[in-house]
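Here come two complexes built around chain A, the first alongside chain B, the second alongside chain C.
Showing the complex of A and B:
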């Protein structure tokens, strides 16, 4: 177990180093940073001085090492556009995105798994067919369109929910949360649904396919032959065995929820990292872009690590260290 | 053979609706099993023996269904019970053992959990008592160090040990009948003998009747009191094991016995019955065995034979033994 975690951590470290390198390269390949900083009338001498002052005259690998050591200490530079440290800019926006992703992922799982189980168990019922048809809509409609349709219906026509923003947030010092106010919660609904819809249909179809597969296995037949209740067979034996692929996909999807909340955040003017990133792209704000890249990579790596550890708890066959088959 | 059979199967018909019409997998099968008796059911793959077993425990795979006849346990019809009623009979009154012990156990549940779960379904024992019973069962089926083994997972057991666990699971509620579908086919030959001996001993001790489905004549000779030979969904011959083996009547049984290689006799080629069993779509009119039968005559091509008494408890479905035909 410990050896497994250490090995995974080392692998994660390598991934982060590679991502760090790519993020660092952005500074050199997306235009000359000096050009972006000094005014139009700066002399050649001013530029040279700034170059030396910023350490940009040093060899490539020295610059990379400096970048890395800064990054490890939490210093990702200063945003060109906002003029504030990148870390502060991201920390400002992170809670908004994470709360949105948390709600969307929760919604996708809490609705997607039961629907998947239902459609898997009763695949000939008309309700299952309705769910499956609707899920096709969820998979094929683009996110922005769903968002706009929801706004049109619930915000414009009915006027029940706000069409943009986070509502009132409560600042906890290190975290600003929308969970504690009524307007914050109301503001979460439409963006969460929009972001969750695709994942929900994906989870539902995955769980359904896995359930159909598992229900055909011998151990399910044997469980039935032992007279166990349907509840125990379906939710204990069958659902448990569908979990490994579901955890894998869900883990990956949560990563992409964070990374691709951009579209939803734009549609709902949600003050999260996605919106920050989009603005950074417009202004070629490279420190923000490269730090965003590193942060997203970090989330992916961390989630994958958690997923691997979850396997370990779900499937006893992976706890190989004490597994020794007995003789006859 | 006694006045009150434990299990009575009468004119059982199992069919599968398919696009090309209905396939009749079991066609008019009748037999009794007395309390404590071991009935062997032999036949080639596709002869309908497993299908008969599945029909008895009420777990025919859809779209397969019982299309006619009846199954009674202790005088009570069980073939038309609602799912929930039948579920309470499965495990408690009729146990089942399937072919492949490697896939019969849920890989994510410890052996003890599967036992306790089954015991608790069929009795009012407390969790502690259920665990005690599980330990006793494991000890009874010959698993060494059950206190240690009970919390292990199926993958930590060898094939033979797993089949012992499966037998323990089938015996959980002391059923009066066990349907054992090829319980040794997936095991090493050396383990087969142990498992058969175990099954035989346990059933004698508990007074459990067994329907032993197999294609291994050796296992039948070793274990069964009576044997039913099935061919193309029908019973070709049924009778006490000694009579059927020593004095087979049906030309198919004669062929089967003749094709068993004998130790000590030097044979260049293995004897076999010419041709192969017809597919369910191509069962000929008259006797299903007529294309392969060395003794075929005109009536065999025209009419289907029913079981005819040829001795005490010994019955054969072959026109050769019909009185007043005179072709024998």
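Showing the complex of A and C:
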């Protein structure tokens, strides 16, 4: 078990290295950051000085090695655009993104699972058909369009919710939270819904399909033959067995939620890492871009690991197998 | 009982007197955050505009862009290269330290730091000499007619503050971080109380400011919003009072909306096309040994094939001012007569091309940015069929500004035959345009963005003289002569000045629109 975790963590290092290397090799295609950092009147000599000061005169693999050797010592460089250490910039934005992702994932699960169960159990009811049709909208509309439509309706027309930003946040020292103020909570609603919609429909359709599958199996028939109530069959036996794939998908989707947050954060000017990354791309802010990509790679690996560990707890068969294996 | 009533009355009176002036908070937004507060690092329009609310130079710009006294009350020319400035007495920085000549000398050394991009505003100044606590002399290398024009962005920082916070030099890059980049301490009409990068920058008026405030603000919040549609929505909901730029397609909609209006006016930047007049063989015609752009008839043919009014109507939706000159009205040296464009005439173009020996046209690539100027790529897309019509085999290469500027600039050796560029003379004077765009050898560093390497010995000579001529009348005459020569040479193809578009709610009583797109808070009044 411990060996397994350690092995996975070592693998994550390799993934992060590869992502970093690929990222650095791509930055050449974004153009020269110097043009964004100096005014039009800067002389060629000034430009060259700055290029040397930033190490941009070296080939990309040298830049990558320099970045790596600094990163190993915990120094991820200074943002070209913000003029502050990358670690500070990312740490400032991390809470905003994680709170948004947390709300979106919660929303997707809390609404998606019940809807999936309902549409699975009552396939032919008209309400199920309404849900399924609506879920098509969630899957097919692009995120930025949903965001803009929500802003138009709830902020501009009705005036109920703010159109941008995070509202007032409370700084806890290591974490700035929007959960503790009314304006912070209000500001969370539209971005969370926007970000959750795709995941919500995904979860709902997945749970529905799994329910239909499980309800056909022999042990459900046997449970019914035992004369168990519908309630016990549906929620005690069926739902539990649909959860394994739901956990996998949801877990993996949290990674994509963090990554997809780029679009949502840009639409709502949500001060998270996604917005930071997008602005870094426009500015060719190499230290921010590389660190963000490597961090996201780490998140993906870490989430995968947690999902694998969760399996172990949810699925008793895995535990049993191991016990048997140990007895050989 | 009586005393009690008196006491109540007195309390009521005291409360009435103590009630602060109604809070007037002005919230505004634009596409991106300012890139750092250090007055001597970044030279970027919106950033300079924000720093100008916090810091001041010896002189400052009024919203009509004329130069007014600021930290200097008056100045006199001691000799052709020395100007003496009398400094304003009784001025303090936001942290309370008094402003003296030492701060001017210190700021001069600081702005010339290696990493400073603002030193362009003091080029040509050799020395700043302290005469006494309230007098300094600026010594220039040569007579400098635009010295005063440049000084408004030579912001003065407190020497004591910089020493205390160990920010003696403007630093950026690898592992550098400047304290002054995240904090501010100037003498300006506003002081910064909070800054969360990319989220908000909060300013309050500086009660100890030396001037008489024309604004009536009690608090200012600057909240950048990257997405244009969200920015428009935030203006409509009233979450912000003002934002810019309004996307061209939203201008009619905002104008129809009650409570919101759009302020439009010409910008100082001129958008133009340039042509490679240097290489013996055009990059797009390898093996032919020919460069058609060396022939003035070909350059003229290109000029007259472009229907600028169609671009204004269709691509810019009316939000541009076609121009015949390389500088905008409002730039010193502008001339109305010279601004007349040569007529749009595709037939004449075809004839000129035939005369020059290219009746079948020739292949050429148009290099264009796609995220720098208003509708830049769309303008180039409109130009392509116009030139195809006169027989040019034209290809469009539109890419992000970083790559575009590398390609056409010195970095990649001006690897372009035909390109788009925009330029605002940072000094608001024609010499800056002549020096950077229209000449190659009018001084060290000249022609940095003359990517087509147009050159005319007469223009070079005139530009050198313009740099030194103190007599305004003679100087203007020389500027006009140089501009006229360039125009007759078809050295570049000027297109237009794009329009500024500010969306303003009716909560704002007055906000002058400066032609440099700067929000000058000291003139903003709320209802």
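The rule is simple: the second predicted complex is superposed on the first by the 257 of 328 C-alpha atoms of A that agree within 3 Å, B and C clash if a C-alpha of one lies under 4 Å from a C-alpha of the other, contacts with A are read in each partner's own complex, and residues count from 1 in each chain.
Everything below uses one rule, namely that a residue touches a chain if its C-beta (ideal position, glycine included) is under 8 Å from a C-beta of that chain, and two chains touch if they have at least 3 such contacts.
The structure displayed is predicted, hence computed values, not measured ones.
Contact comparison for chain A: of chain B and chain C, C touches the greater number of residues.
Within the complex formed with chain A, the residues of chain C that make contact are 32, 35-36, 38, 41-44, 114-115, 117, 119-120, 172-178, 181-182, 196-199, 223-227, 229-231, 233-234, 236-237, 239, 371, 399-406, 409-411, 423-424, 426, 432, 436, 445, 448-449.
Those residues of chain A lying in contact with chain B across their complex are 217-219, 221-230, 232, 236-237, 240-241, 314-317, 323-328.
On the chain B side of its complex with chain A, the touching residues are 57, 59, 83, 87-92, 95-96, 98-100, 103-110, 117-118, 121-122, 144, 149, 153, 155-158, 160-161, 166, 169-170, 172-173, 190-191, 194.
Chain contact summary for the complex, chain A toward chain C: residues 29-47, 49-50, 53-55, 70, 75, 77-78, 80-85, 89, 92, 148, 151-152, 155-156, 159, 162-166, 266-269, 271, 275-276, 278-279, 282, 284.
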